[in-house]
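Structures given as structure tokens follow.
Both complexes shown next keep chain A, but they swap its partner, so chain B is in the first and chain C is in the second.
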Partner chain A sequence: MIYREAGQFKTSYAADQAVFPIVQDRVVVGAFLALAFVLPPALASEYWLQAVLIPFLVYAMATVGLNLLTGYAGQVSLGTGGFMAVGAYAAFKLTTGFPGLSILLVFVLAGVIAALVGIVFGLPSLRIKGFYLAVATLAAQFFLIWLFNKVGWFVNYASSGTITAPPRTVMGFMVTGPEATAAARYVVALGLVVVFGVVAKNLVRGRIGRSWMAIRDRDIAAEIIGVRPLRTKLLAFAISSFYCGIAGSMLVFLFLGSAETQAFDINQSFLVLFMVIIGGLGSILGSFLGAAFIVLTPIFLTNAPHWLGLDISVALQKQIEVMIFGGLIIFFLIVEPHGLARLWQIAKEKLRLWPFPH
Partner chain B sequence: MKARTLTIAVLALALAVAPWAGAALAQDKTLFMPLLVYRTGPYAPSGIPLANGGADYLNLLNERDGGLNGVKIVFEECETQYDTKQGVECYERLKSKNPVLVNPYSTGITYQLIPKAPVDKIVVHSMGYGMTASADGRWFPWVFNFPMTYWSQASAFVKYVGQQEGGMDKLKGKKIAHIYHNSPYGKEANPTLEELARRLGFELTLLAVDHPGQEQKATWLQVRRLNPDWIYISGWGVMNQVAVKEAAAHGMKMDRVIGNWWTGTEADVIPAGDAAKGYKSMAFHAAGSNFKVHQEIFKHVYDKGKGAYGTDRSRVGEVLYNRFVINAMLDTEAIRTAMAKFGNKPLTGEQVRWGFENLNLTEKRLDELGMKGLLRPLQVTCENHEGNGVAAVQQWDGKQWKIVSDWIEPMREVVRPKLEAAAVEEGKKLGYTMRDCSKEK
Partner chain C sequence: MDLLYAVFVGPFRDMVTAPTFLAEVLIGGVAAGLMYSLVALGFVLIFKASGVFNFAQGAMVLFSALTLVGLMERGVPMVLALGLTIGVMVALAFAIERVVLRPLVNQEHIILFMATIGLNFFLEGLGEMVWGANVKRLDLGIPDESFMAAGILINKLEMAAAATAAILVGVLAVFFQSTKIGRALRAVADDHEAALSIGIPLRTIWVVVWSVAGLVALAAGIMWGAKSGVQFSLSLIALKALPVLILGGFTSVPGAIVGGLIIGTGEKIGEVYWGPLVGGAIENWFAYVVALAFLLVRPQGLFGEKIIERV
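Moving on, here comes the complex of A and B:
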């Protein structure tokens, strides 16, 4: 009833090819984004911002990155944690080496460095596929973490091997370092995610995204119709690593404040891969839903006994949390193997007919 | 179809309700202490006795004395699994309840909280761990790591080795291996050991073990090839048990294998069985439940059925149990010091910080607390946040840990200048300036 597109005629190619062809979508998404920039900084408590929203944005960025590679280009990667680490350490080296450089530029440059590293580790994808490629990308994960742990130059020879986000400002506002408010860090993170989210969405709708999908669906056929596998696959690795690199620098600069290589261990790679799978392979919206599910559900489960007034020990609580979380993942995968994005699509279709389904 | 509707509903609910947590609960006449614990995961063997010791001591104060000078202590545990991100979530959640201090019990989490401490006005007490440089109170007013830092501890270890070898000059040419957890925690001791190796002429080999430390075969093969005279281990959690087992399996002389004080607990040696006999570790307090404070805990906490171990009293008095008992005691004594100045009421973070800085724990006070012989007296000053702590060496005799050395004074003359230099560097990274301690009252 509300969500109906009858009467909306598209009179130009531009209108037909818009990201959100339906007026209601445009209004809702626009309003949602506007509110996302205004409401949380004004209303949310520091806990909300620092422990819930900022990690969600960081992981959403990483998930979009991996989704480009795995969901769109079909290359399974377990190196996400490593590429995030490259971004984080690159941002640290850049901003400590050139303190005058705008921190936003530092994030982007860190992404570029991660992209270059991604290309190097993407080279095996030209020869090996599927599970074998996943194992090959594990090398990236382990090698990069080992490198940052081993070579003191990356941490400016700090004896603890920890990198700390120095205080930096954007237009007079402190956005990193201990003095930066959670609200400021949230706005920067959201800004980055929105900008690069839009870029990703347009990327996958255009020539590049189509060539990725062609490679994913059948690489020989793609090659025959003129898609060059070398360029396409390496581009996928580069752009995916770019996103992961930015996510890594956000993780250290906007979320944690300081980190060691432990923050980028193999679990991160798995976590982001799960976000992609649960959210929906080959869907930008799915990346956000997957990140939200995996970041928010444990927090919800941790807090649930408090609201219910149950006094159970923290150890038992943690174990129950892990069990329920695992159960939920299996449940969602059985109910909807194509991820939460597909679930959302179904809901939308139902909404179109509501309240008069045939 | 039904399942889908349900799924959507559950998901929507989960997303919408998830973070409505941590609603502030303001109560007057109470003092809130957050306890970041890890009772699950690979670090649980170390985490459980710690958490239980803390809970039991705070319960003792509440049950026996009705709190601290009439102010009841409210504490809440939060499970971190020794994971930094979960630790940050815990800290943010518990922050809404206005804590005045936090004991992170993880060097990684400590590093997260150090920059936040002056902003949130919450004292960080990393007792014998954390960032060594933060012992310079002029740069890090909000961070305390008494009774001793990793660096002082490592210097005490070298001193002990020197004593055993018959003089510091005998160390020349000796081989010492440091096997460490590959994390900020494990790496902390390295600069001091390197410096001392330069000065005293022993040969130092650094061997890293990656998290979580279940796999150490390669490391110990290297150790065997090297055949060191002494081995120093900085491990935590499951890494410790594996290291002790491997040391025994590779035929090391166990009384020449010395852990730091996080690598010398019951959970570390019992799995290795008899082979662990003779294994040593550093300590800054005694183990065992023969102290008056333990009898009090039994009487006021366990007899009332409120003990953290339930009815099992055998694990009360384990090394790490005693450690958090001491930690909780130091925290509450610091708060008492502050109360003596600011009055017996719930205090602000600023006031508690003053209490920490002016803590003077005398032999007499330890006796009153029922902890005579458990640890040494301690005094903290504005400049020196590691206090004047001393270390000892304890040894596992197959049944229990026993202190086998005299109290060893760390090589402060070596450690302190390095520490001050590191404090300048670390402080500048955070944009701090040095405060003048002569102006503090």
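Moving on, here comes the complex of A and C:
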């Protein structure tokens, strides 16, 4: 690789346990993040921001959330769409009810509300495990969507049944609503993802993350060594739903602009679960890689026939797209069941020794 | 007070005062329940034999029904089309074993589960690409009409579906209990390694199981297709079968049937008697809530194997 860790000695526990123990890693990641804030708003076209980068950030947030629950705490959930809907509708109610409230605070509060709902639907996990639990979380998905569809209060009795992001500003910049530029929305989304990404990374390295992993690996053994299953599992559901709730509110406020309950249907839950699996169970980096892969693949598949100069009907193209998407998922699972994060790790190990493998 | 009355008294009063209507609702529920059971059966077969939670069962229902109707639309006589579709489903079982299952042997359950979701997408895309996405009518020669028996309206098609489900379950029971391959299947379900060590070929068993699940999917596809037309939404009935599955237990064939009946009748009764209270359309989640409430009491489902946990 272009740099090596030789000569970098760790002289304190803090240095030993840093997220990026190597100086060059810290510099590269820091520079990358700084550029991510500056370059795309300045250079990328509206299409790239709106169709690629913003959805990537939204889904990355949701994927991190589900990965905390499924990858770290080992509780398979198919209710992600429902929890995202809770976040979106909570944010809508909050910001229309209290227009003076800062939109960033609204996002966080929406996440908190989603977390409370997550705790309620996490309760069965104390009795039910594995696939039984996965199916049980579908109850959350269907019930919540039905609730938002049926009760007019959630949409302020709008006859269309849609929620629309009202115009809100952060430090003088319009960030939601129809007049907000894609660049402004991108920066806000990136800010949220970076902050909560760092929180998640530190969460899983600490006591909480370790207790989650103990529960995941063998819950009875974990209980015997003093991890409380009730608290740990519910905390996992709460924090995961918090992230999903924020992602849901970002989906409506920063990406779509307006949405109906259809935006949060069961396919959304599967999509996020795909991102977790393709990216890598139990990896924060993997969540981002998985989100990028699943967001980019359909875009690539949609555009590929144009590049190849093929002229096929829209319906046929959609069907081929679905087929290839399914095929790709199977292919990736066969090639690397531990996801893109493992591939990245392997590549890093190889490069570390390259070009002298011995 | 009015609310309490409407929830706890009103529906029961309605049931008692109109017993024939209640009977109609119950019969409708039983028929719907058996249809759910047909789908749930496919899940159970595969889960028992290979521990794979096959999410693609719904897509297999859609795919088989599409193939059958597509062939019939092209002028193939019904019996021949049926034979060809069975052939296609068996070929599909071979392909799935070879391409999907074999490379993923010994992976974690969730990985296999995700692979079947991928398979689900693949089959949906393939079926619609080959046979077209428009709604197709499937005419079995059984009219979708009702007749009166003892003052109760009964739908002929639903009765036919119920009879099919009953026959299918009987045949499967005999197949599992009395044939050599059925015994091998049960052995594999009990313990993979032990079965392998006494010389049962695991791969063949998987192909057989997926073929049988394909045939069950075909039966479910024919019945659902005759009822509501062969269309994309057929693949969504997998979601309907899931509560049945957790209620009955993943590993139990009788559980799938009984679970289907409970969910089918519970759903219909809930929708008819309590649905109007909350604005209707509760059947989407009602089954899940019933199943969930039940699981809290008995986490392994009605007939599932008791989960014994060791450290």
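Definition applied: the second predicted complex is superposed on the first by the 355 of 358 C-alpha atoms of A that agree within 3 Å, B and C clash if a C-alpha of one lies under 4 Å from a C-alpha of the other, contacts with A are read in each partner's own complex, and residues count from 1 in each chain.
The rule we apply is simple: contacts are C-beta pairs under 8 Å (C-beta built on N, C-alpha and C of every residue); 3 or more make two chains touch, one makes a residue touch a chain.
Only a predicted model underlies this, so the values are computations on that prediction, with no experimental measurement involved.
Q: Once both complexes are superposed via chain A, do chain B and chain C end up clashing or fitting?
A: fit
Q: With the two complexes superposed on chain A, say which partner A:F37 touches: chain B (first), chain C (second), both, or neither.
A: In the superposed model, A:F37 contacts neither chain B nor chain C.
Q: When the two structures are overlaid on chain A, which partner does A:I299 contact: first (chain B), second (chain C), both, or neither?
A: Once the two structures are laid over each other on A, A:I299 reaches chain B alone.
Q: Just chain B (first), just chain C (second), both, or neither: which does A:Q319 touch?
A: Both chain B and chain C are touched by A:Q319.
Q: Applying the touch criterion given at the start, work out whether A:F173 contacts chain B, chain C, both or neither, answering first, second, both or neither.
A: The answer is neither, since A:F173 touches no partner chain.
Q: Just to confirm the geometry: in the superposition, how small does the C-alpha gap between chain B and chain C get, in angstrom?
A: When the complexes share the chain A frame, the smallest chain B-chain C C-alpha distance is 5 Å.
Q: Based on the A-chain superposition described above, do chain B and chain C contact any of the same residues on chain A, and if so which?
A: 149, 315, 319
Q: Applying the document's contact rule, which stretches of chain C touch chain A when the two form their complex?
A: Counting only chain C, the residues touching chain A are 53, 99-100, 103-104, 107-111, 113-115, 117-126, 128-129, 133, 239, 242-243, 245-246, 250, 278-279, 281-282, 284-285, 288-289, 291-292, 295-296, 299-301, 307, 309-311.
Q: Given the complex with chain B, which residues does chain A contribute to the contact?
A: 45-48, 50-52, 55, 149, 159-162, 164, 166-167, 177-179, 255-260, 262-263, 265, 292-293, 296-297, 299-300, 302-303, 306-307, 313-315, 317-319, 331-332, 335-336, 340, 343, 346-347
Q: What does chain A use to touch chain C in their complex?
A: Residue positions touching the partner: 70, 76, 124, 127-132, 134-136, 138-139, 142-143, 145-146, 149-150, 218, 220-221, 224, 266, 270, 273-274, 277, 281, 315-316, 319-330, 333-334, 337.
Q: So in the complex, the part of chain B that touches chain A is made up of which residues?
A: 3-4, 7-8, 11, 14-15, 17-22, 37, 39-40, 44, 48, 77-79, 81, 84-85, 88-89, 92-93, 95-96, 107-108, 111-112, 115-116, 118-119, 131, 182-184, 187-188, 190-191, 208, 211, 422, 429-431
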